[in-house]
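Below are two complexes that have chain A in common, paired first with chain B and then with chain C.
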Partner chain A sequence: MAASSPRNPPPLRGAENQDPLSEMADEDSDEGEDIFVGNSNPVAESFQPDTANGEEPADLFSEEETSTAVNSSITTFKSNGVHSDNENDLFAEVSVELSMENPSTTAKTSGAEFTPSLTLSATQPRSMEQVGYNRTSATQPRSMEQLEEEKDEDSFDMDVAVTNPEKIGDGMNAYMAYKVSTRTTLPMFRNRTFSVWRRFSDFLGLYEKLSVKHSLNGCIIPPPPEKSVVGMTKVKVGKEDSSSADFVERRRAALERYLQRVVCHPSLLQDPDVREFLERDELPRAVGTHTLSGAGFLKMINRASDAVSKMTIKISYSDAWFDNKLQEVESEDLQLRKLHAVVDSLVNHRKELCGNTAVFAKSMAMLGNSEDNTALSRALSQLAEVEDKMETLHQEQAASDFFILAELLADYIRLLGAVRGCFEQRMKTWQRWQEAQSTLQKKREVEAKLLWANKPDKLQQAKEEITEWEGKVTQYERDFDRISVTVRKEFLRFEKEKSKDFKSQIVKYLESLLQSQQRLVMFWEAFLPEAKAIA
Partner chain B sequence: MMQEGLDDGPDFLSEEDRGPRAVNVDLQTDATLQVDISDALSERDKVKFTVHTKSTLPNFKQNEFSVVRQHEEFIWLHDSFVENEEYAGYIIPPAPPRPDFDASREKLQKLGEGEGSMTKEEFTKMKQELEAEYLAIFKKTVAMHEVFLCRVAAHPVLRKDLNFHVFLEYNQDLSVRGKNKREKMEDFFKNVVKSADGVLVAGVKDVDDFFEHEKTFLLEYHNRVKDASAKSDRMIRSHKSAADDINRIASTLYTLGTQDSTDVCKFFLKVSELFEKTRKIEARVAADEDLKLADLLKYYLRESQAAKDLLYRRGRALVDYENANKALDRARAKNKDVLQAETSQQVCCQKFEKISESAKQELIDFKTRRVAAFRKNLVELAELELKHAKGNLQLLQSCLGVLKGDT
Partner chain C sequence: MDEDLFLEDVGDSWSFQLGGEDEDDLHEYQAFLGSSFFDLSGDPFSQMGLGDHEGKQFCWKKTHTDSSAEEEEAREGSLSVSAQTIRVTEAVRDGDALTFIVISQKLSGSGEYHVARTHEDFQWLQQCLFSQEVVPGILGVIFPPLPAKPQLNAPTKVLKQLGFLAMGEDWRMYCMALETYLQQVAAHTTLSKNKCLENFLTSSEPPGRQRVRKGIFNRLSQAMEGMRKEGHKDVDDFFQTERDNNLTLTGCSKSATERFIDVVLTEQKLAVACGHFSTALHLCVEQEEDSAVLAFSKICVKLSEVIDSIKRNFESVAENNLSTLGLGLDLESRCQEAEKEMLYRRTCKLVVLETASRNAERAKPVKTAAMDELKVAAEKEFDHVSGVAKQEIARFHSTRVELLRQALILWCEKQLETARDTSFRYSEHLQAFKGLGE
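Coming up: the complex of A and B.
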């Protein structure tokens, strides 16, 4: 009802906070006043998960949405003393919640971006309630939101590093322990700087705990690096060669990036398990990680159940924004895999070049030795030295290709998998809601039949079941809305992170290329006079 | 310079390629006889070279003329030198290798077959790559044939050879056919005998220090050049593969960049453009290394073999001379056929001395040429490497400037 009326966005800034409220009062006078008077009740109750409240909160929220959906500048909505704190909290959360989406969506400068939020209000009148619920379930709702939208880059007062891989133990029971150091100014930690020792299975354990808790909410949980039986066995056996050193370094870097992504994520950072991981001296051994790595395990389970349900869902449900994004993710995944394969090929060819250059350098040195013209002999030896230096250069370049570029791509291929998982999670939630609705429908039909057949005792039971399922439908709908909001928010955050990550890593890579070329120039400039001196 | 040439389409020999392309040999051009390959045409499995001569010598009917020759005719000329006893004391300029477009042709064919499986842009790109490769091989083979002719023209004795003049002037087909199977087998056996003989001959210690030193030197040098040549080829191939990979990275980044118009996509497009340019430079680096280093080594592999052949011929003549001496002594002892033995011994002596005299000069010239060629090519190599590295540097610096400025 309120959705149909176009309204000019009230120019909202601090003092004018009252405008949406007063305008609302004008528009739907009766209900408006009722709402304001009876405000505290719905507010208080809205924080309970399973409220059976009927129409009032719904009306309130639907009106709220239209006013706030239109105007994105309500971000600075602060509490003022005019209305009760509860009211303001509610409205503030409402407005801030929606507008959090809007700035990022308006950044894409398409009017179409507004439709999702409007459809939200049209079809799911309780969404704001759920939002309110969601917000307060986190420890510091508003400050966290403000943190998210106001900061442009990570002004995170949080640094984690994974260093000093050390081999503990011997033989097949040996493992690598990594030092996890944290430096932070966040008050939730006991100290400002601290470090603990962790092993790989601890990281996997952390991932599994986070998955269990948060993936159902639609959070994109960064996946940890993969297990490698071959790699680890070499290390355990004690093979002291460059390949096992490479493996350890690769794993250490991957673990560090994994942790950095986890602590960058505002919701995950609040999780006590993360805190425990970073702070606690002795962690109980993570079990169940010894057979499969977490990401693969979850995926396996999800894939199996999704195969069939995906078919039916695509036909009946379509939400442009989510569909588009999923498509984008899938095509990006394809391209990233392709790119990763090519970068891998480049790494291999560079390593090959490195080896061939070394061999050639030796051969050149030999030739220089046989040459009986002294100046030419010297020049050839110098050339051999230049080629030797090139070998080192190629080796470093290959390492840079790998550690900067290839690993970045591998990380994002895994992350995109997690994003897909998120979208699928949302689908499952929708499906559950739809199924509940159809069950409710069936129960109602049963009730109708019983009424007709006039069986009072069974009727009572039927009525109870209906109530139960009505509750479920409400619950599932709320879940769906909540997860939709979360997924959307998570996705936008992910896009931002990804954009930043790619830019910074590629710039780093180009800088390493630059350095290589500078050194090349140096080498050849040193050689040129030697060549000219040949007589 | 070469870059422009490579970018040309069907015009295989651009303007700046005219003139003696004496890549690996330092030769003075002599006004009395100037030879070059002014044009070349590649047909299915043949290459037709247009040999252009400018001469003030009275031997020729005109002062300037051209003929068309194929590879087999070059080989015929080379073989005629080798088989000529008169030239035993000279280093015969090594024959140019057969033009080998097989690998390139195969790749082009495979590309044609796989046309359906790739996008239009990919196909066009790869086609351009392969055409450039084909062109590079083509230019190389032209250069190598030309070098052979120039060496002959520069040699004081060989340039007067009648077969050479016929080769240059006779504007009909020389009706030289490639060796048939039987002849090839004969050649093979001849080589076996020769190498066995060579070992025998090489074992004979030479009285002359100069030649003894040269023998040891050439043997070792030849082997090491062979090794270096093979290894340089492998190194350059890896380099080319890496450049190809960068090409594919550029394409994939381009696809990623065109999927959306977010700023990360624009970023990808810029990086893709950068990689396109740097990989062109990398490909040129590999090509220049090929030209200045690998080709140089290959050429001196062949030249040092020709020098070894000269030493073998001299060694053979020495053995013949010593045998003739022994025969003369025996004849004198028996007092039978003494005159015959004396004449035979004199012939061998003359032959040996003639070869020794010219061989000494040839070997000294070989050294001078070699040092000059290495100097020229190493200097050019270093200059090109510097040029390309600086080019790369500039590209990277400007791209980084733009990218960092945007973020």
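Coming up: the complex of A and C.
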């Protein structure tokens, strides 16, 4: 495994081994259509996880049963016997505090391009959304307290790891399954350690759900790794070369970091979708994830930044803060991109050095072989071996450069995109408030006109509308204030996390660097007597 | 019957005009006409009366500064400086040419000599050595190889030929190669006696400049010529083996040198890339009071320092590679070529001998006596050459093993030192980083 996976998956006690997701649809298809192949594949065909520990027959969720499945999972939570106050709140308050627009608009505001055929996943979480929203807002004061405490701890009592990528199936319908292992002391989970198998589209699905629910709050939602048709196709086709292995490893590491960021986020961690993702044996197949290709994501980000730049806002102190921060974010984005390009070239040069060193080692070996003088011949052969070992070191170092530094930068470039999205979200809320105000104004004018024209029946309607819009204005103003608070909090948290993240990654990088260097010293120390022994 | 070996062997390398002022000079050089520096074709006798061979001769024209120096040049003497102390300390740019400062210590211990020499001067010295008084079997000497001419503002292809010698700052590698050359010449029992060397090292006046008529030493033409003779089977197992080994080693060492150049070039590229990285990190530093931003800026600064260390490590590693093993491999490669040339000369003499023998056998009674004489002379010469060659080969092998040994030890020691330094620096950085923001 690459250096990016520091933890070993915890020993799994009574691991719920589920049989794999049996859907056959194309995981990374970028086409517009949803390929719903609702075949319930017989369990026997699929792999048997190596930690087979009492296999349970899978509940194969077909799409129709999705809503019921969700309900049943909710019931499962309930009947856990493990309650947190949060969970009770989840179901206690059903009243909607915020008016929820229909899913399609919601989807639009969060920026994702949901296609019409997406009704399923959009409707499915609706009840959850409402509930989720309430939960978040209702429990916010409480979770903030928790936050205060948790902030000081280094790790939330929570560890996730993504390991054991395994190829399921063959040909173009194949996909990679990843083992997601969790170790936690948080009471909201059923067990302390458990693991599930997930595929890439599941991760994307999780992101979408979180996005739909939380981006309206102004939460910075960690973006998932990008799709790659080329990369996956190679894997599917079964190319057994290092580039496929690299790709899988890269993806595994990225998925792990993604999950770690999600569970690090105090609000997101409370989200039942996250819990479900980590705990539940089988997830309904995530659909519509084809929209989240790398290009699509980029477009979304760019649109967000365009929208933000077009909006103006009256200057007040807190707004200055937001403007400043946004500017910071944008300049940082440029800087990170530049750094990423530089690190990329560094990685390439190192790989080149690997190649050159290997070729040189061979030529020295040949020279050693042709040499008559025994001691010299041996020394030259030793030299060739030293160079070979150095090649390995260079390879490892290149991997370290890449997996630690380059991917870190790439992650943050994506994260900054999410941050920008947050700011945009806030702007939109403001805009909605302003528009409501202007609508209210218009309604008042209409009322005034009606008064003058003396049309009592229409007047009544107008008055009703005014009341309605007054309510909306108040609500939207409150929304705006709330989202401003959240965005600010999120941003500060993000900055802190960023520093922590960078620091820990760089420490890891340095450690690998130091280790390589120490091994190099050993190689040279071993070679010196050989050189001296030449007579 | 009579192959015109003269014409065949005449390549156009190192052509120089033999326009000596007196017959004595001519006599000295006549025996050494040939494809590179020497005529390997005929017998010494036919080269009397040089006037008959216009256009086919090699002429060596000198511009005289000091006529007395000329007379002394070819005479034997012993070197007044200590061979190991010869240094080529620097290369001074003089317009389009380079001048090298050569310093050597007097044997008497009473001081040192400082002279300035150009590459032409070195070439003159090399010519002198080739054109020595007729020492029997001089052809069997493995002449220390002189590096090719350094060209300033040369196209990359030309620089590539110089390989390692063109790398390094201020032509330092090149100077070291010249230094080794001089030391090798000065250490050679026969070559060191050449007055030219003494002159070269001690005279404040520039030695006689030769005008090289036809361009640079043209290995290509020799290569084409050599194709036919190189494969000629030897009569002596020792030499056949030596020739075979030499062929392999020449190829291997050349290839190893080139591969090593690639390695060093990549290391240098890595150093540059690290420099860019380090600079880019500095641009991330913000002058903000905000503690979060400050913390991140600190991280960037520290990382920039780390990357800087990595850069310096690569620079040192590349430098070490250049100045020890690189130089050593380059020298080994050129020395193998020098041995190859010697063996080739001997092989040519063998061909001459075999031809002469054949001619003697088939000669008509009228010419038998003359042919026999030729054969005997050829045989004698060949034996001399072989004798010298054997000694040279033994000396050559022990020298090169020693040179490689030194190069390898020095290389290892330097890399070890650099590696330890870097390791120490990295561990300091790690500690600093761990302590950040606490």
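The working rule: the second predicted complex is superposed on the first by the 356 of 535 C-alpha atoms of A that agree within 3 Å, B and C clash if a C-alpha of one lies under 4 Å from a C-alpha of the other, contacts with A are read in each partner's own complex, and residues count from 1 in each chain.
The rule is simple: a residue touches a chain if its C-beta (ideal position, glycine included) is under 8 Å from a C-beta of that chain, and two chains touch if they have at least 3 such contacts.
Keep in mind it's a predicted model, so treat the numbers as computed, not measured.
Q: Which term applies to chain B and chain C once both are placed on chain A by superposition, clash or fit?
A: clash
Q: Can A:511 be said to touch chain B (first), chain C (second), both, or neither?
A: both
Q: Answer with first, second, both or neither: which of chain B and chain C does A:454 touch in the superposed model?
A: neither
Q: Output check: A:376 vs chain B and chain C. Expected answer is one of first, second, both, neither. What do you get?
A: A:376 contacts both chain B and chain C.
Q: Check the residue A:492 against both partner chains and state whether it touches chain B (first), chain C (second), both, or neither.
A: It touches chain C, and chain B stays clear.
Q: Regarding the shared-chain residue A:191, is it in contact with chain B (first), chain C (second), both, or neither?
A: The answer is neither, since A:191 touches no partner chain.
Q: If we overlay the two complexes on their shared chain A, which of chain B and chain C does A:338 touch? Say first, second, both or neither.
A: both
Q: After lining up the shared chain so the two structures overlap, which partner does A:328 touch, if you call chain B first and chain C second: first, second, both or neither?
A: both
Q: With the touch criterion stated at the top, can you tell me which chain A residues are shared between the chain B interface and the chain C interface?
A: 328, 332, 335, 338-339, 342-343, 345-346, 349-350, 352-353, 356-357, 359-360, 363-364, 366-367, 370-373, 376, 379, 383, 495, 498-499, 502-503, 506-507, 510-511, 513-514, 517-518, 520-521, 524-525, 527-528, 531-532, 534-535
Q: Under the stated contact criterion, what part of chain B meets chain A in this complex?
A: 217, 220-221, 224-225, 227-228, 231-232, 234-235, 237-239, 241-242, 245-246, 248-249, 252-253, 255-256, 259-260, 262-264, 267-268, 271, 274, 278, 367, 370-371, 374-375, 378-379, 381-383, 385-386, 389-390, 392-393, 396-397, 399-400, 403-404, 407
Q: Which bits of chain A are touching chain C when the two form their complex?
A: 328, 332, 335, 338-339, 342-343, 345-346, 349-350, 352-353, 356-357, 359-360, 363-364, 366-367, 370-373, 376, 379, 383, 492, 495-496, 498-499, 502-503, 506-507, 510-511, 513-514, 517-518, 520-521, 524-525, 527-528, 531-532, 534-535
Q: Which of the residues in chain C come into contact with chain A in the complex?
A: 245, 248-249, 252-253, 255-256, 259-260, 262-263, 266-267, 269-270, 273-274, 276-277, 280-281, 283-284, 286, 292-293, 295-296, 299, 302-303, 306, 310, 397, 401, 404-405, 408-409, 411-413, 415-416, 419-420, 422-423, 426-427, 429-430, 433-434, 436-437
Q: Inside the complex, what are the residues of chain A that reach chain B?
A: These residues of chain A touch chain B: 328, 331-332, 335-336, 338-339, 342-343, 345-346, 349-350, 352-353, 356-357, 359-360, 363-364, 366-367, 370-373, 375-376, 379-380, 383, 495, 498-499, 502-503, 506-507, 510-511, 513-514, 517-518, 520-521, 524-525, 527-528, 531-532, 534-535.
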